[in-house]
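The chains carry the letters A, B and C, assigned in the order they are written, with residues numbered from 1 in each.
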């Protein structure tokens, strides 16, 4: 058996606990979205699980959570959301890496992580928005920005980029800050559960 | 138990068709019009998908799915119809709002494309059990561990929804406000979601153990209790679909060369 | 059949200070029914999981000594190799459901599919397990729609179908109502009669006394005693170890009625009756 003290952030081997974390994370995403709907928050809040899984089990698991999350949305609610699997996977990778390098322990690091995750989502989603919807996002505020930009004769890609920034960036920053709070408050034993290569010390 | 899966057992022809067949249909239905690059090809495939959904008695179920995207498409029609660069020909004037032919045609293209993709996916997911799809993938070499993840989500999410209802009721009865100003509502969010998050993380430990003691990580090749039957009809349909994709690739290549 | 041998077993969970198991040694013969008792945190669950290899292979942490199942040293094999020899059932039936199967029948098949059994063999074993646990009539139900007792019996059936020689039950009835508990105990007793080694952690001392060939008393990770139920429950220091003896033993002790031949207090209804007969009214 291989024995390493820490997982490499890119390790493709993950233990059963990390694997079972994926459906739980997708469920948490789902609930976040639902609660945000119930409370009529102007944010999506649909990536809490993905970010949490990325912190606990690394960027690869984070990316898988993100991708599977949207595939499941696609199969259960709106099929078109499947294409945004790539954006969600991007969020998982960014948050996982930042957590691996210890940035998810302080509020400053969390804000930076949120901005980076938001930018990752924006840069992946914008081309998809343009390809599928001609550049809009379906969000009222974002699309108002889009319409305004087009009216001011800005090019489509820029209008779409602004639209997406308005929609995604604040959401990701708030999400990551919430996740940081939960992650810091978690017992150590829970955190170590998802790291597959913990060493077994000898007591003999 | 309430299921989140869109699949419904209707004992229809498509229910009995092999899942591989329907997956291939979805791919072909999306690829062929994209390759041919003609609106009428889109229309033709849409009609075919609607026909398939109708004989499977699930056409009504497409309404909610389509209406979610329908709202987005409506905003596209409005925004592109009014503001698209290159809009010159006014076709409709509603007070101060002018709709242009170019923008409307452009958004019609998007709408046809989106509806085609949606309906093709619907044909697959309304008539196929999710576990059949995943098992089919596993037989073809997809990781059984990831396969488990997909299947279990369909059971775990309804479980979590039940937990969520319990929590919402409990918090409400403690007088938590779920209405009011934005600040009040943001404050309400955390106590609602935190308990579910914690309990579902703790559950992952027990579930992981339960899987391990049932040979989840065994290296032997997995077998399946439920037999998958690929009939001659399935094979013929597969061949026809592949032929359709190849033909449209050939058409595309011919267009490029000519 | 496999004999269990535990030598100087020590274990500490990751990120903790104290040893959960501290130098435990004993042997268990094939076919025995063993009860494990002790207060919360005495190491009962840890010991249970050490038989299956979950400790240390799942939890990691620090480990010393060894556990041998027949010729196999638990430390050296993966959990999935051992699960065909040692099965384990936990207290929460809900979290033992895999969540990937829509019927009881398919749920029981989960482990067998992983082991790569033929379809014919799977059907034979599942039918047999359903029969043994008396849940054949629920075979087409959704696993989540069962009652607690039915769910727990399904969990046991899922383990039985894998044909283990040893079954560990870690407080299998603590989350069940009295009727559900009774169903589970009956099922466990039937398995024991078939010659399977049973190791059960349980707080209902009357049940431990009635079923066990031997009882192990644990406290703070150490094995205090491992003997017949009569000997264990006749100990004077049981309360100090956080264990309340069965009601029959307490009655015997209160009335100072011992079994004349052995000098031990009664532990079951039958024994209590015998000890009390002859008492002047």
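Methods note: a contact is a pair of C-beta atoms (placed from the backbone, for glycine too) under 8 Å apart; a residue touches a chain by one contact, two chains touch by 3 or more.
Note that the structure is a prediction, hence the values are computed from the model and not measured.
The interface with the greater number of C-beta contacts, when B-C is set against A-C, is B-C.
Centroid analysis (C-alpha atoms only) places C farthest from subunit A.
Per-chain CA centroids place subunit A at a distance of 20 Å from subunit B. Our note on geometry: subunit A versus subunit C, Cα centroid distance of 42 Å, whole angstroms.
The multi-chain contact residues of subunit A, meaning those touching 2 or more other chains, are 15-16, 23.
Within subunit B, the positions touching two or more other chains are listed as 148, 152, 156, 159, 203, 207-209, 211-212, 216-217. For subunit C, the set of residues that touch two or more other chains comprises 58, 99. Here subunit B touches subunit A in the complex through residues 4-6, 65, 68-69, 71-72, 75-76, 79-80, 82-85, 106-107, 110, 113-114, 117-118, 121-122, 125, 130, 145-146, 148-150, 152-154, 156-157, 159-161, 164, 168, 178, 182, 185-186, 188-190, 192-194, 196-198, 200-205, 207-209, 211-212, 216-217, going by the rule given at the top. Residues of subunit A that touch subunit C in their complex: 15-16, 23, 188-189, 192, 198-204.
For subunit A in complex with subunit B, the touching residues are 15-17, 19-24, 26-28, 30-32, 34-36, 38-42, 45, 48-49, 52, 56, 64, 68, 71-72, 74-80, 82, 132-134, 136, 138, 143, 146-147, 150-151, 153, 155-156, 178, 181-182, 186, 190, 193. Taken together, the subunit B residues at the contact with subunit C in this complex read 1, 131, 148, 151-152, 155-156, 159, 203, 206-227. Listing the residues of subunit C that touch subunit B in their complex gives 49, 52, 54, 58, 78-81, 83-84, 87-88, 90, 92, 95-100, 102, 105-106, 109-119, 122-123, 126, 142, 144-145, 158-159, 162.
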